[in-house]
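Labels A, B, C and D are assigned to the chains in the order they are written; within every chain, residues are numbered from 1.
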Amino acid sequence: MTEKRKPSFSCDYMEGALPQILNRLLETNMMQSSGYGTDDITESAKEKIRTACGTPEADVFFLVGGTQTNATVIDALLHSYEGVVSAETGHVAVHEAGAIELGRHKVLPLPHTDGKLSSKTVEDYLKAFAADGNHDHMVQPGMVYISQPTEYGTLYTLAELEELSAVCRRYSLPLYVDGARLAYALGCKDNDVTLADLGRLCDVFYIGGTKCGALFGEAVVIPKHNYIPHFFTIIKQHGALLAKGRIAGIQFDELFTDDLYLKAGMHGMAAAEKINTALRENGYETAFGSPTNQIFVVLDDAEKSRITSEIDLGFWENLPDGRTIMRIATSWATTKENVDRLIEVLENH
Amino acid sequence: MTEKRKPSFSCDYMEGALPQILNRLLETNMMQSSGYGTDDITESAKEKIRTACGTPEADVFFLVGGTQTNATVIDALLHSYEGVVSAETGHVAVHEAGAIELGRHKVLPLPHTDGKLSSKTVEDYLKAFAADGNHDHMVQPGMVYISQPTEYGTLYTLAELEELSAVCRRYSLPLYVDGARLAYALGCKDNDVTLADLGRLCDVFYIGGTKCGALFGEAVVIPKHNYIPHFFTIIKQHGALLAKGRIAGIQFDELFTDDLYLKAGMHGMAAAEKINTALRENGYETAFGSPTNQIFVVLDDAEKSRITSEIDLGFWENLPDGRTIMRIATSWATTKENVDRLIEVLENH
Amino acid sequence: MTEKRKPSFSCDYMEGALPQILNRLLETNMMQSSGYGTDDITESAKEKIRTACGTPEADVFFLVGGTQTNATVIDALLHSYEGVVSAETGHVAVHEAGAIELGRHKVLPLPHTDGKLSSKTVEDYLKAFAADGNHDHMVQPGMVYISQPTEYGTLYTLAELEELSAVCRRYSLPLYVDGARLAYALGCKDNDVTLADLGRLCDVFYIGGTKCGALFGEAVVIPKHNYIPHFFTIIKQHGALLAKGRIAGIQFDELFTDDLYLKAGMHGMAAAEKINTALRENGYETAFGSPTNQIFVVLDDAEKSRITSEIDLGFWENLPDGRTIMRIATSWATTKENVDRLIEVLENH
Amino acid sequence: MTEKRKPSFSCDYMEGALPQILNRLLETNMMQSSGYGTDDITESAKEKIRTACGTPEADVFFLVGGTQTNATVIDALLHSYEGVVSAETGHVAVHEAGAIELGRHKVLPLPHTDGKLSSKTVEDYLKAFAADGNHDHMVQPGMVYISQPTEYGTLYTLAELEELSAVCRRYSLPLYVDGARLAYALGCKDNDVTLADLGRLCDVFYIGGTKCGALFGEAVVIPKHNYIPHFFTIIKQHGALLAKGRIAGIQFDELFTDDLYLKAGMHGMAAAEKINTALRENGYETAFGSPTNQIFVVLDDAEKSRITSEIDLGFWENLPDGRTIMRIATSWATTKENVDRLIEVLENH
């Protein structure tokens, strides 16, 4: 059974997985291995990730999805009376149905610029919090959460990340980076933040698999060994431990073989660049200045109807002037046919 | 890379998935579909499960693993001051690292017989709780949890399940059945409880995929539509919502095509029966009288060393007399070669 | 031992309790009564409150403090995935150290005007939430929280409260009113909202004792009987149940005898009015237009130093222009001597 | 209004407070002081407790009630995946309506002897937990809870407490002592455990006020300064922070003046001893061998009816043989008249 539908750019989790991953699953299928991520392939995947991140001592864990990973990491890092500082547009602040609060933590939202949190915004907040009288009756900032790329597809520069990391270290707050779409940052020409930079500047980050070529899975990297004691049990308690841990391990072992993860990101970015060029050349307006695999195009009703009758896009936001922001997401799986068809539709106005 | 190891019967989640599942993943891989389980294949899987369970109105949801499923369902069913009644040996009582307590609920443990909770034990407890003065200062029983098969591999008979269900309904308590290994109950000759019986007698149950032929996944069946309002959001909040929901949907769509789920269980049971026969004929002692895919063999140190030097078994429990209970688990993936080799080793004493 | 200090207007919980309350505690001291609020005096207090609120069927419970009451009521009213709508300045949003999040609930902050939430703001938010696509991944609004008077000392008019209540009922959301300082609303000339109005327009509210003449204690009123099932056990579970429940009952029985609660509020308001007059006549600037027992005066550094060298005021907020908002709080306990002294200092500039 | 009723020995929280406490409340009533326990009297009370416990560096906090104190301390000491080891009869295990689980912690119940947990029982459990294979999937023991006196009125000897403390330190587990009725231990002739012993052997303990002469209040003593960082905020978050903190401070300042706390305990114990003598001389059977202020008498139906028609006793437990265990509780408030009347009734059989 297959589904017939219009080409879709509505999100970056519409297909299965990179063929290398499926092949490896097939090849290893009847091999017996121990559970819960204690098998040799999972260990191999961890080691490849440690190497890629320049963090030879790192603890690496494979979880299933992004919200789960955020909720588990944040709950592990915070005391009950501490909150997580986030851009007010952050995924943890808006789109996790209260998963952070389920762990008893407040999200402390700060103003953003195109989805990004500036080191100045964070420092001003922390300075005011420390200075401004007694805060024993308030939720205390316990860590800082950002995503790379952000919800709006924008990227922190290396300089920005270094400044933010410096602020966090000055205030002894863990810095955690949500890398749900990290492949598209790494595959973006404008990007200057490497995995090794994340390994050096963050206390915890995760390398997203679900949106970057895997069936599912997120690799949590904790550069400093035992920075979160008993994290295995914490994962189990949060319902995030896979019995057949190797299914995640196999996927990441492939993703970190022959730069597959980076190549997956570059594939998505090549498609995005072609579409961006077409948008620019045809006079479309875009929002947020996103350089990665999510493109936000501003359409009036007529344009929206015309385009979406041919191509599925993702609804993002209604603007006060009546226009709509629609999301065009590319990915590791975006086909040349679909890109060509989209550009054809875009040109035809 | 492959791992070299002794044949292993240590658990039932050592291999990948049934070939039909991998083939279907391959076949559908580049198809585009919407996320979070809203795709057509997932809907098809739900419909097949509704049919198999005789519950045309049922809500069906696909989660990732057993502990996650138990924690999410139990938290959805209970008020904060209510606990879940369980055999003291129940998975939720012992082996979930506090996942139920993370949801703020006490497990109310009752005595068991070979892992089973009798309707009399439950009724006596409920009767005493209701009668014995004021219980406003105690955790109140809010639901009953059992597993089929149990942690000890034993089975509830249809008569037992009907009685337990009747007690629960008399006291207005939801009855929830954990079916992590349900295929091996369904595939067992001694079993007289069908999926339709579960659909009729339970308020919620889950059909286990992880241990029964899937890469991962558990199908929660709620026979009465909207019995748990907003369960989708509850799943999301518990970090249990798959972005690529179809990966679970595809697996269950295959498992419920041509009785694959039942056949997987029967395959595991055929192996278990051969092993049980060999154990009996060679004078080994077994525990708990388990009729399903988990066999608990009691070994002295010499026997244990001899056997486990050839075959991996699972450690279960040290007995006071110095002997050890070891678990022999078969599954959908157990090979004839491994069974023959195990029997050879068992005979060789 | 007694403390020597400057007259203080820094808050409204600096003294013990109304003499009638202490006398009643003395008079009943060696009387034996049953625990947990099941005694006759507590029942009498409940009945007086039911009468005062025009809610003959109401459930009434006595808790200890405001944060505890808010956390317990909100946790009792919401599902885990629901949040509480509040002005961004609301006590639950800012000053409860994460007590609401401890109950796993997000505070959903909305813009305010002088601490008040308008019915239009709430309705626009609810309308947008319902209309604007899919919100299954977001925390859902589950109730509305306001305080009377607000954190800024302002009052909802009856018309405003009726509109807000109508919106809440249209969207089936409970309306909860925090009355920590309710006596000062009731005792304020500008107020047109009675206890009976609260009983008619709210789903739950509490009548504050701690700041209104009691040693401690807040009376939760739930107009509709059994609106929150098992609330007694919920109180116990939240650590909010007094063993000697009568100590709270006695206090409220006195407060609701001969209009003592209202008179306590009027006493505090008479002092506030004299101070407000002095502020106005001497050209001081005040903020928020608070008509109740909290007066917010804007002082430059010289004025602040001069006044606070003689009289303790409460720090409220640093303004961008370098000035400071200081709080002058009156109460049931404010003495003529202290008011005269304050006015003398205010005039002396 | 006063209540007319039979003399009652049903519990130890039926009266108000020691006259010295009420007098001090009266005397200090109109004094102004700062909130949240930052006043001078509260500081004086803390210092007296530090001296009494021989713990000059101790952090001392005043909370309101026992369940609240247990829930707050336990939640502060444990990680989410850790449980609290308790006798299966412990208050936290049975009578707190899930307050410990509300903090996400499992109570790990162990067998008891007359309400006591032996060091051997605890050590065997910890040894088995550490030794017996992998426990990453189980709730981990994170602290040990006992009460002095226990729920059954029994006492740990100094030798027993020292052994238990030694086990806890060997396994790096905090030892926490619930002293809800500590005055009756201190006032008991058989007792050899002093406050200084608790200060030396425990990591946290609380000195109960509610049942020992105060209107309410429990003093948490943490011998090692800053052993629980940010405990003030944790108390606030748990709704356990009194705005008028001095009301608790005043009570404990009195209780620790001129040995009032000890004398209150001795008063209750003198009454208990007279009653115990009468029970013995008149051939009544008692249970648990309680040496403190709770006496458990075993009565058949006829005796129970006869006595309780004259005197209120507390129901404790129905025995399988049809008899009933009834509790006779004395306290700081027990009058000679009531003791004489009870003895008269007891003799009259």
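Rule of thumb we're sticking to: a contact is a pair of C-beta atoms (placed from the backbone, for glycine too) under 8 Å apart; a residue touches a chain by one contact, two chains touch by 3 or more.
All of these numbers come straight from a predicted model, not from anything done at the bench.
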item	value
Numbering shared by both copies at the chain D-chain C contact, with half separating same from different	same
Between B-C and A-B, the pair with more C-beta contacts	A-B
Whole-Å gap between the CA centroids of chain B and chain D	43
Centre-to-centre distance between chain B and chain A (centres being mean Cα positions), rounded to whole Å	33
Cα-centroid distance, chain B relative to chain C, in whole angstrom	51
Residues within chain C bordering two or more other chains	80-81, 96-98, 102, 104, 136-137, 233, 236-237
Category of the chain touch graph - line, ring, star, complete, other	complete
Complex contacts: residues of chain A adjacent to chain C	80-83, 94-98, 101-102, 104-107, 132-133, 136-139, 315, 318
Complex contacts: residues of chain C adjacent to chain D	1-3, 5, 7-8, 10-11, 13-17, 19, 22, 25-26, 28-35, 39-41, 44, 64-69, 71-72, 96-99, 102, 210-211, 215-216, 233, 236-244, 247, 253, 333, 335
Complex contacts: residues of chain A adjacent to chain D	75, 79-81, 104, 136-137, 140, 230, 232-234, 236-237
